[in-house]
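By written order: A, B, C and D. Residues from 1 in each chain.
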Amino acid sequence: MLVVMKETASEAEIQAVVTKLETVPSLHGQRIDGQDLVVVAAVGDTAAVEGLGLEQLGGVDRVVAISKPYKLASSEIGQQKPLHIAGRQVGGGTFTIIAGPCTVESRQQTLETAAAVKAGGADMLRGGAYKPRTSPFAFRGLGEEGLQILQEARQQTGLPIVTELVDIKNVDLVSEFADVIQIGARNMQNYALLEVAGKSGIPVLLKRGLSSTLNELLQAADYILKEGNENVMLCERGIRTFDTAMRFTLDLGSVPWLKSQTHLPVIVDPSHAAGERRYVTPLSRAAAAVGADGIIVEVHQDPSQAVCDAAQQLYAADFADFAQQIRAVAEIIQPSSPQSIS
Amino acid sequence: MLVVMKETASEAEIQAVVTKLETVPSLHGQRIDGQDLVVVAAVGDTAAVEGLGLEQLGGVDRVVAISKPYKLASSEIGQQKPLHIAGRQVGGGTFTIIAGPCTVESRQQTLETAAAVKAGGADMLRGGAYKPRTSPFAFRGLGEEGLQILQEARQQTGLPIVTELVDIKNVDLVSEFADVIQIGARNMQNYALLEVAGKSGIPVLLKRGLSSTLNELLQAADYILKEGNENVMLCERGIRTFDTAMRFTLDLGSVPWLKSQTHLPVIVDPSHAAGERRYVTPLSRAAAAVGADGIIVEVHQDPSQAVCDAAQQLYAADFADFAQQIRAVAEIIQPSSPQSIS
Amino acid sequence: MLVVMKETASEAEIQAVVTKLETVPSLHGQRIDGQDLVVVAAVGDTAAVEGLGLEQLGGVDRVVAISKPYKLASSEIGQQKPLHIAGRQVGGGTFTIIAGPCTVESRQQTLETAAAVKAGGADMLRGGAYKPRTSPFAFRGLGEEGLQILQEARQQTGLPIVTELVDIKNVDLVSEFADVIQIGARNMQNYALLEVAGKSGIPVLLKRGLSSTLNELLQAADYILKEGNENVMLCERGIRTFDTAMRFTLDLGSVPWLKSQTHLPVIVDPSHAAGERRYVTPLSRAAAAVGADGIIVEVHQDPSQAVCDAAQQLYAADFADFAQQIRAVAEIIQPSSPQSIS
Amino acid sequence: MLVVMKETASEAEIQAVVTKLETVPSLHGQRIDGQDLVVVAAVGDTAAVEGLGLEQLGGVDRVVAISKPYKLASSEIGQQKPLHIAGRQVGGGTFTIIAGPCTVESRQQTLETAAAVKAGGADMLRGGAYKPRTSPFAFRGLGEEGLQILQEARQQTGLPIVTELVDIKNVDLVSEFADVIQIGARNMQNYALLEVAGKSGIPVLLKRGLSSTLNELLQAADYILKEGNENVMLCERGIRTFDTAMRFTLDLGSVPWLKSQTHLPVIVDPSHAAGERRYVTPLSRAAAAVGADGIIVEVHQDPSQAVCDAAQQLYAADFADFAQQIRAVAEIIQPSSPQSIS
């Protein structure tokens, strides 16, 4: 922590800050006399600084945090390391394609789509049994029936299942059926849900909130990691900005940034940002090119009949071609981390 | 719903849209031939349009929604009407001041602050027993012990208690102690929590998510209202924008906009947006002047010792003076609704 | 400037930073050994640090600027001081109302509106002769003819004229007619225009760009101030955010922030943010309550005939009533600066 | 234009809107009776609607524009077509790499960097002789001397020159030396400058303003196109959002969106968004993968000595390797337009 004094701060005010810091045994105040102003560095157990109310002392302009706020998700603790989920590797040079319908609507729709994405080379199957909806009057998923359909799809295709958990009271049920629990963007800071997902021991795909900073995303991951659940994938799915040309602004720059800060794999969801099918392919190619460890993409055997997100779901019939295009890009990216690129 | 055709759409493509709409008995397609392009209006049960996948038909540029997405929160159903909470009126020409510490830290701190805000003219007492924190390693509140301290504060001051619910498994406990359940910004789209708060029957203060549109805020209110809980206050607490001069950008324009769209009272939280104590007073005055039904403000008997948000909490000793300034502004605002201002 | 080292930085890497700083005679590197990491403070002529490329040295995490980037606009140089424009004081406890049509459309429209706002108590007349328009096919103002109409309005009412300069080649012409040159939001970082306005010697109303930080606004003011033109008013007019309920998000928190950082007066434009007439009055009251030194508001004798911004212009017939409401709020605000509010 | 009536609008209010529209000979009002509300479509010369003040009539909720606001830049007028600049094709299946220093600092620095990027396979040379700077006290370029150095670099390498115009009074001078005039992000809505660039006849690289919508970018292009200058390249360079992990948020989704709306080529600037060198390569690969027609990237023979943007400029020595990586991605993208991807 650095306490930046105002240019007009008096000597007594500067001294008061140093004295205040010295009241805490684990802290030490180091003074830096600049040309225009003075900065006092709080050295030691900087967590203790927060309770001191330094911003309120006379002559103090602001207090600047220097250390990173996330702990367990930091690449300075671990190194980049792949996860192993239901026998499949995520990260570490592989490119994972998770595909399937937005929502489990029926047995037939799900099984047909699952078969198509399996045939097209997908690594996992996505599908929502519980859907968070902006309006309470919209369709909210088949619930347990949906989970059972997903289980049948797994039996038929061998694909691990990625499905969303929206309510802590369903955690046991969802854990029984899911290979990966998805935490949606709206729930990224629903800490009760994060802890329950952490405790479940099931791998977690954590989506970035639509106005969450990357720091906050890593701190949300800390909530899961601290429960001893190390299998966390981060997911960039578009942020909310002033521009409405697309549904959301896909922040592809987040991928190399995250890769430089955390050991966790980073997945990109191109479908929700695109909003329209024709933008999904170029955004997926870009996700592969920017260095993501995979994508999670919506596919439907007949999008024109889809209950939600109809416009952005790929046709199952086109999936194999799509997957081939994306893998072609992923394959020419060198496996070196962005850090090593000069 | 309006289906806007591309300028290049063929007659057959236009006809296909009309035909598609006519396949639904409750829908009718009305064609409008403009100078440059054609629009097809979907008339009737427009909820049925979503499932048709019209965006995917040839020649279609986009589908534009016309109806408002929120239902129960709309002022076109009810009229502006005040709530009555623990014998106090909120809205309808009154100006409600909710004040108290960010967090219940100790019995002494809470009771002293409660006594001060009561003496200074506050209408309700706020205080957090459960705190949502960005990092899992930060202090997260005293829990049940905090709730009991708040109860004691209510007994001493007579002030109704506003306290946050962060986890559905605590709803019974919080309901026992709270006069108003606060739903925090991070949980505005935690629908499981909204429903539980709705079912509790306790009045709810619903904070706007930091990147939520006002449409989404009203739809979140719908989640509570549909459970038969009509006592919902909306709360503007600052949104996330590109500017970081303040902690958040307080969107005071949301107040007259909301007042023109909903019958629910609108409260402003100036403390979290300000981030610094010196900005709380001007923002509170502005909230009163813009037509808010009240404010919720953080006050501490000794902010320098506060566990969190130290820099933005008002000194309890200054509260009476502060409240008087704000009420002076509120009193000169005419009670007419913004709608009636030419 | 502070050079924050990575937690993994080696002793040699830290030493290399200190050595690099010492190569500049006017700089000195002071090392701070924290618990987790090391920070090296660059003390002295910090402007010289930028050229050193420290971000690129091994082990460096980032370089943090400590000094404020604006110079002349800083309140640490001057103190809050009023301007005097055409015999009228702006700032220093007065509340200035600038009113008039968006655009000078005709002699009659301008003179009638001018008479109405004069009668209603306005302090200055606004009106655009040159209009910046998003599309080149929109009406762009009457030009010199418009300026002459404004001159006639000044002769009839005695009100000083505020009018926009959009093109440096018109500076002499505009200077001949204007008492205040307005620099619009789109041109806030058009530095050639800022310098020309500065050199004109005419007082300037500088509008904040719609995605400009307050730091950038003050640096833009520096462009005008450095030409020796000290009569600069800053203007908050709404910023661009994700929310589209209103046309722009009026950032009223910018007012107390700016008042704490600069000696220049701060004016609020409620019309462009509101977009609709019914929101202009509450936003104007809020501007007065938050401590602005005045407002600039659009008024038209017949908005239904207005060439642009029809929906947001107040009726001239309502102006006197409007102005009275706003002044009532301004009058109860204590003249103390926000800084002195505990 | 569509006039959406409130649900509460009376029959007389609806009729008044139709009547108002019919007062304009070139307009016709067509009524659509929906289930909940009525919409009146203004058919005909919709530009005439703006002056009618329909938003202000009783019972009107809002007026929604249907037509696209840009005209000349629309792909519905022209088709995707390549430009030909100094004998080089831009767009139409080629991938153009524009590279060079942020700023022309000296003859040696520029000539060495130019030689390196030429050898590495660049198609054009970038370099700033006039620099727009946030602070007036920062270095603002060598001016004419810089232009002459660029001319020498062109003579030595044969590379066309891309350089920025910041002030209309320099247009003749810049036109004499530039093969492409760059309009920077800050000047995207400096209409006087756009028109002067349009009139020059020199091809223009138009950068998106940092909070400009894509609609506004295309309308800004209209300012240049309407002067008869058809050689306009659009440039995505990152937008301003709430997240500060990177300097700007590179909006790569803008590329396929723009390609579906305009016939103009789209170039991506990865350097300014990255802010740090290590992110430039992944973002450049992503730009190629998403379907951009090229990139404009900053390169310096010794970034540690760079006057500005030191941290983000690539080392000239690494450029050949960098360019090869990016071209490898560009080459596997199929030449089909995003529109044709199902």
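The rule is simple: a residue touches a chain if its C-beta (ideal position, glycine included) is under 8 Å from a C-beta of that chain, and two chains touch if they have at least 3 such contacts.
Just so it is clear, the structure is predicted and the values come from calculations on it, not from any experiment.
Least step count on the touch graph, subunit A to subunit C: 1. Taking the mean of C-alpha positions as each chain's centre, the chain lying farthest from the centre of subunit C is A. Rounded to whole angstrom units, the spacing between the C-alpha centres of subunit A and subunit D is 30.
Measuring from the averaged C-alpha position of subunit A to that of subunit B gives a distance of 26 Å.
Multi-chain contact residues, meaning those touching two or more other chains, occur in subunit C at positions 211, 240-242, 244, 277.
Taken as a graph of touching chains, this assembly is fully connected, with contact between every pair of chains. Of all residues in subunit A, those touching subunit C in their complex are 2, 4, 6-8, 30, 32-37, 39, 41, 43-46, 64, 66-67, 76, 211, 240-242, 244. Considering their complex, residues 50-53, 55-56, 69-71, 132-137, 166-169, 186-187, 189-193, 195, 209-211, 216, 219, 222-223, 226, 240, 276-277, 303-308, 310-311 of subunit A touch subunit B. Note for the complex: subunit A touches subunit D at residues 211, 213-215, 239, 241-246, 249-257, 260, 273-274, 277-279, 281-283, 285-291, 314-315, 318, 325, 328-329, 332-334, 338-339, 341-342.
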